[in-house]
Amino acid sequence: MKVITFGELMLRLQPYNYLRIVQSESYEATYGGGEANVAVSLSNYGIDTEFVSILPNNEIGQAGVNSLRKYGVGTKFIKRKGDRCGVYFLEKGASQRASKVIYDRKWSSFYFSEPEDYDWDAIFEGADWFHISGITPAVAPALREIAITACRKAKEHGVKVSCDLNYRGKLWTRDEAKETMTKLAKYVDVCIGNEEDASDVFGIKAAGTDIYGGKLSVEGYHSVAKQLMETFGFEKVAITLRTSISASVNKWSALLYDGKEFYQAKEYEINIIDRVGGGDSFSGGLIYSLLNNYSGQDAIEFAVAASCLKHSIEGDYNLVTVDEVTKLVKSGGSGRVQR
Amino acid sequence: MKVITFGELMLRLQPYNYLRIVQSESYEATYGGGEANVAVSLSNYGIDTEFVSILPNNEIGQAGVNSLRKYGVGTKFIKRKGDRCGVYFLEKGASQRASKVIYDRKWSSFYFSEPEDYDWDAIFEGADWFHISGITPAVAPALREIAITACRKAKEHGVKVSCDLNYRGKLWTRDEAKETMTKLAKYVDVCIGNEEDASDVFGIKAAGTDIYGGKLSVEGYHSVAKQLMETFGFEKVAITLRTSISASVNKWSALLYDGKEFYQAKEYEINIIDRVGGGDSFSGGLIYSLLNNYSGQDAIEFAVAASCLKHSIEGDYNLVTVDEVTKLVKSGGSGRVQR
Amino acid sequence: MKVITFGELMLRLQPYNYLRIVQSESYEATYGGGEANVAVSLSNYGIDTEFVSILPNNEIGQAGVNSLRKYGVGTKFIKRKGDRCGVYFLEKGASQRASKVIYDRKWSSFYFSEPEDYDWDAIFEGADWFHISGITPAVAPALREIAITACRKAKEHGVKVSCDLNYRGKLWTRDEAKETMTKLAKYVDVCIGNEEDASDVFGIKAAGTDIYGGKLSVEGYHSVAKQLMETFGFEKVAITLRTSISASVNKWSALLYDGKEFYQAKEYEINIIDRVGGGDSFSGGLIYSLLNNYSGQDAIEFAVAASCLKHSIEGDYNLVTVDEVTKLVKSGGSGRVQR
Amino acid sequence: MKVITFGELMLRLQPYNYLRIVQSESYEATYGGGEANVAVSLSNYGIDTEFVSILPNNEIGQAGVNSLRKYGVGTKFIKRKGDRCGVYFLEKGASQRASKVIYDRKWSSFYFSEPEDYDWDAIFEGADWFHISGITPAVAPALREIAITACRKAKEHGVKVSCDLNYRGKLWTRDEAKETMTKLAKYVDVCIGNEEDASDVFGIKAAGTDIYGGKLSVEGYHSVAKQLMETFGFEKVAITLRTSISASVNKWSALLYDGKEFYQAKEYEINIIDRVGGGDSFSGGLIYSLLNNYSGQDAIEFAVAASCLKHSIEGDYNLVTVDEVTKLVKSGGSGRVQR
Amino acid sequence: MKVITFGELMLRLQPYNYLRIVQSESYEATYGGGEANVAVSLSNYGIDTEFVSILPNNEIGQAGVNSLRKYGVGTKFIKRKGDRCGVYFLEKGASQRASKVIYDRKWSSFYFSEPEDYDWDAIFEGADWFHISGITPAVAPALREIAITACRKAKEHGVKVSCDLNYRGKLWTRDEAKETMTKLAKYVDVCIGNEEDASDVFGIKAAGTDIYGGKLSVEGYHSVAKQLMETFGFEKVAITLRTSISASVNKWSALLYDGKEFYQAKEYEINIIDRVGGGDSFSGGLIYSLLNNYSGQDAIEFAVAASCLKHSIEGDYNLVTVDEVTKLVKSGGSGRVQR
Amino acid sequence: MKVITFGELMLRLQPYNYLRIVQSESYEATYGGGEANVAVSLSNYGIDTEFVSILPNNEIGQAGVNSLRKYGVGTKFIKRKGDRCGVYFLEKGASQRASKVIYDRKWSSFYFSEPEDYDWDAIFEGADWFHISGITPAVAPALREIAITACRKAKEHGVKVSCDLNYRGKLWTRDEAKETMTKLAKYVDVCIGNEEDASDVFGIKAAGTDIYGGKLSVEGYHSVAKQLMETFGFEKVAITLRTSISASVNKWSALLYDGKEFYQAKEYEINIIDRVGGGDSFSGGLIYSLLNNYSGQDAIEFAVAASCLKHSIEGDYNLVTVDEVTKLVKSGGSGRVQR
């Protein structure tokens, strides 16, 4: 099985531990980006992957390529051109102090993507699944059409398409998002998002939910999932459910809707090590379980357990095996030492 | 607006993370001290500040000056003389193991302060507020008179005076503290403390409080505040309320009394990163909100939210902006990522 | 008073903080091993100790010796021969991700122990207590007989013997363990274990306990303790009670049975810094309190408080003083700063 | 005395020690930039300084401001606007492996400078000296005119102007440089450069010099200095003389020409810790010595000794005092411990 | 072009900077091994590579695989079985203190290699070059035959074979080495070694060489090369020439003999960052230049420049590009900053 | 054999690598002090040692005790009283920038030494050698008499006495030094110093020496040695010869005079890692070789080689074995890797 993901890989610069940027004299340097993170997740599950992107032909770009190769992700469709690798600064929050992300990704090599940079026929040859998120078309105006083309091409090649809505208000407006994502949605089989995404991108809302207050209405989420499916005809809709108690503790779950049934996963209360990439690890887990024909309940349990574990791992990438995820699904996560 | 603070700046040496001193082969080196911490808080809120002190004319002293300049605190009233910079070692606790402070501040340049080291008329010219804590007069016998002079001079210049009682049993006895602080109190407008301070310094007690047991009696605190105001004629009394569940988790709140009403702030349950300087950050927040004529409730909410955030920041200094504090007051602190 | 402990000392390699092994580019290097950990605990309580073992005569072995000397443990009975120091890799877990231990201890200098490497008469001269765990005889077939000899010799010298059952399924089978430990048990005065150990080693079970689910049945533990005492005639049996809520939070307590009464200690809810060596620190605390003729209740409270503190300390060794343990027993562990 | 410098401040990201970028998992984060470096040098010598620039109004920009405040540089003329802080990656070379700089400075807040961002009349009020380098006008087309205006305005305010030619081939062509720098040169009093700069910017060449081969022709440098002075009518010309033996060892000296005499400084053989900012520290030293009316020989000795010391200091900034430079001029640099 | 290399990959544990093992509390963790190092060199030059080996199926083995994937080395012929990854400890020397290597590689997964672990026909399909060193057959008795088989199979597949003699006295005796290497040599086309290797393995000696004294006799090396070629009928013989001035400074060169002419490369005086893997980087450079049909002189210059650069790079792997090596060959290595 | 040394142990705080104090945010924390360093040297050579001193009874003092125990030094004569451990800050120099030491040792527990703190009869029981340096009596006025008493008591117990003159101008004047050291010298058998010490302490000078210029006159040193012996009747005089080329490179040798012959050791050119403690490691090496009845030439070669190696080791302590020193004496220090 082979999965293709398409998006931007950024250099992630983070002060060590809980230092604020203004007090830090060094940065931990890793790489990450929504779709790259999904590819790493899948590669760690033993799936063949190719990550499609553009990076500059310098050491900063090379180190990004290396970070993917290290975990077995295919990099032959990463074009090398242009001058800069997108950067994001991450200041990790704690307790009542929220994490903060400062993007410095504009003008990157990927930002200057042109349609001819991507040979979709070659890319999708032999592929089984294609994953993209709402961030990719938001990076630059030219990428909107490219993203739609990618999805269309995937369908033409008989490749399943999943899309994480992932609305980023700093990259485009709600209207721009709606216009592009509506076009893109018609090629999508599996739609992933949270309630905010559905509202921000498509204006689909549900009552009874107060994200900041920590209360989640299951009915509200069901209503959102149903509306998404009815509007766009997705095969499946998955909605992640995060209750943010503080920057240190979150509750985390998700539901899956296949048009007939709602499958609700176990909820985990998580002491957070690093929550960036949590949603991507959910997508990675879900794609894995659907590719392997897990039942609806098993699929959503696997995806939630996988992304629960991600919150305990530093960096964007989810570095867990199928075994570890499965063990968590079964054990419930008491965290005893494995000797 | 300009705020003057007066006290000692110490080199703070702390093993990384949760290492004990006996197992540490390196120390994180920052600087801190009650009144310096208040100045940094205020400078980060955009207030002009001057920190008054004495530091040795060597690199250890210079690094201390630099640590203040870095955050915009005025350093022109820091006299450079003598041989040593006070030091304190901080071993950070966790769970049931308490944090431990070892002072090595005796014989410092500041310890050898003489009255003629300070030109109070020059210092208070154009100033709006003066802050001092009970630590400053406790450092050395000569500093008792100097601290009283400073407060008297501040009043003569029409400068508001705030004082954090901050009793340190390793520096002076309760009797010494009472004698000096009683004299000093008559120049103070805003008195800040916790219940222990009121008891240690002035013998003012309230029933119904068990600090170790985690129960706080609101009535007890009201009684302490009232007694303080009645005895010394303060304009305002603020009392911080800490419930120590463990070295890792504390509850934190405060109340403000203006002689008529009691204003009680929201209580936060905090996963602690660094609690040293928590009280100072409260003073900083309170001075800011009073200088800006916040209402009683808004003032205490700002001060408590500011110091709540301090607990998530490494080092003595509270590195937050007015914006961040205000956002916490409004949101209640769920800690969602700010992208 | 002098205590002898006998076992293997390993180089412990651990990625910093919560990094996984596959993402770590450095290892924190400390040393540890069940019986060495007990010796360090006792040395920190002011007890004379000697650790009996074998280490290679190279720098890796020397650094191990030094790590013990640093904390005052006697090292004159550590023979230097062979080529390798056992190693264990520790990946610290967090939240739902369990800690993981990878042993690389086979073929070590200690593994190749021969009976003539140990002069038990010299070792036990002037000793008051001998401690061993079920790991030592499990390291290699030859060590089974050596361990039994050690215990027998201790008894001949009038030395008290304590044994922590500590079953390690990667080192030997349950049958092998039962055979050896049954022989060894007859020289043991104080038996230490948890419910799993009793079951794994001796097949002694109690109903009503679900370790993963977080429920502990006090009656079950009493039944286990009674069976152990009846079967082997121990003077005292101590059983540690861990409830693993997650890799970040555990509840921790223990009970002591002297054949007449059960003494149950206070239970602590612990935010874990490092739980490896938790059981060893319990043994260390228990030996100290029994050596000093603490009452049954005081003894178990001391042992549990000591090992509660260990969970807040990095590394295998418990670096606390009698004073600190006693303070926790009295205060209940609110973790206020000690200035 | 007050010195104004104008240019860009960049975040400097450098792998620790001698790691290559492709193997580094962290970056040391400091700030630097030609003219900012000169301001720090002078501030450390006790001179009042103001650095004129633009930085984004986020934490990355704030940390840059703080890095200057820390060393006492005035920051009130640093405008805060735009989105990004220029970045440069520095891979430190060793032995035969050259250091490598990767610029990621395009599209920065400073790059988008507009004439109305700078109020030169306010900036030059009370100033004694203005320093700029050839990098500033090279950053963006709009900055060419702004740089010329700055120099013109400085002259109108009676402020001395120094300029370090500093040709950067990655930022503009030789023709562009020549056109702009020729216009700018007419406002310059003190011209600083090396032989390559004179050739790259103005096409002024001297025979007999082989930079890579390690041979320097004194006559050649004299000829270059004379041609510069004759062409542009500078008051003084200073030329730095670097002989690169390897990335680890350089020889370093300079000469000063005042139209009448050539002053040649002592040559130092340097074991390099960090050579970035070496030229800027020379400018800083020269401005200091000229501001203080040092004789020609004393001035060039001070400037060379100052920049010799810079090579032993990590980061762009030269962190030495007048005392330390003077001591090196006198002692010749045997490096004995100062106790 | 595709190159196969066969050997052991070890975890390399090194104290940071120049700390001795007995004072280090952490280890830098990288991976290395003669033939793996050669594969990384070649992969960095753009050559397809496969590294053949055995590693345990745990995280320590996986991190080793990842370290190779990161730099693009093919890992599909790395079998995963057994329990342990070989380890070596490296203490970096300085000045008169020599570097020290402590091997802990016995009993590794690779040590327990069996003939059926390797499918040489599959491995050599489509390969152009096979590289092995004298370390591989020395690891364990069973590996002697396996190594010979590998070379024989390579010849059968028409693959060129290079061998670095690399005698390791801690792994086998001179007699054992001679017996095995004599058999293996008959399949070797390109023989690489230094004078000591030739003497230790084959008893081939040359007069006039004093390695410790820093004098090298060119004639002596020619004589060794000739004897090697005459005895074994190699196509080419390359001899590396190291003059160890101290642990901090070495001179480094090499010669190549093709049976007709001797090609002597430029000698570099190197300030050493890390000299481990220096010989392997020479082999990597030589294989590259021979694969690309460089002339004798160009080939040896490339190989020596490549390995000269290695000495400036931390870790076993040589992380340089063809461009960088070529630039050094041309420039002579003055180490100027590349901006 | 047992050696006693007497002096102060200080906490040594040093910025990492070559950072200046004003730019450092952390300190490497080790311990050191002239006489403690000598004890560690000897302990590493297998000699029994006891270090006599006073340290505070807190964690800072305990960590100092532990640093000695780690390397096997006896600590039973370290009295624990008072409040502070002396501190010294070390900023490591490079190239033309000298290392800088800032002492913060005044008012330490050792500074407040009283005669009754030391039970010399107990201390010298069974001892063979006593070592002290000129620093110990310089620490505080009361220590002058105590130091003289110690030497006198040593002689009474038949213990050999060595003294390193080690003049510290920041601790006492030349006159004070002369007065005390003249009294102390009469108990000394082996006098160690450099030319400056002889001049500073006793006013003994030799012509022809220019320490800063790098030229050393052998005749001058002979004259100094002779004068020392004639004046005080020492059994042996050793003079260390350092030529400081820069902070990075020194030449190092020494001579020994026994009243009849001068023994001059090999001179080493050293690339310095850490030169603090260089003189102490010389004393340690000399005491070892004299205790073992080495010939004059062998003794001085051992002492110089030992201290040559110290320059390659971080921290005050010389961590080398007799084997390593002997190997250097024989090999001449080419620094080849020891595998």
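For clarity, chains are labelled A, B, C, D, E and F in written order, and residue numbers in each chain start from 1.
What we mean here is this: a contact is a pair of C-beta atoms (placed from the backbone, for glycine too) under 8 Å apart; a residue touches a chain by one contact, two chains touch by 3 or more.
A quick note: this is a predicted structure, and the numbers were derived from the prediction, not measured.
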Reference subunit D; chain at largest CA-centroid distance: C
Gap in Å, rounded to a whole number, between the CA centres of subunit F and subunit E: 44
Junction residues of subunit A - those touching two or more other chains: 17, 20, 22, 25, 66, 100
Touch relationships between chains, expressed as pairs: A-B, A-C, A-D, A-E, B-C, B-D, B-F, C-E, C-F, D-E, D-F, E-F
Partner subunit C, residues of subunit E touching it in the complex: 13, 16, 20-22, 24-30, 58-60, 62-63, 66, 83-85, 87, 89, 91, 100, 102, 104, 106-107
Touching residues (chain side subunit B, partner subunit A) in the complex: 17, 268, 270-273, 305, 308-309, 311-315, 317, 319-320, 324, 328, 331-339
Complex contacts: residues of subunit C adjacent to subunit F: 66-67, 69-72
Complex contacts: residues of subunit D adjacent to subunit E: 17-20, 22-23, 93-101, 103, 168-170, 211-214, 244-249, 275-276
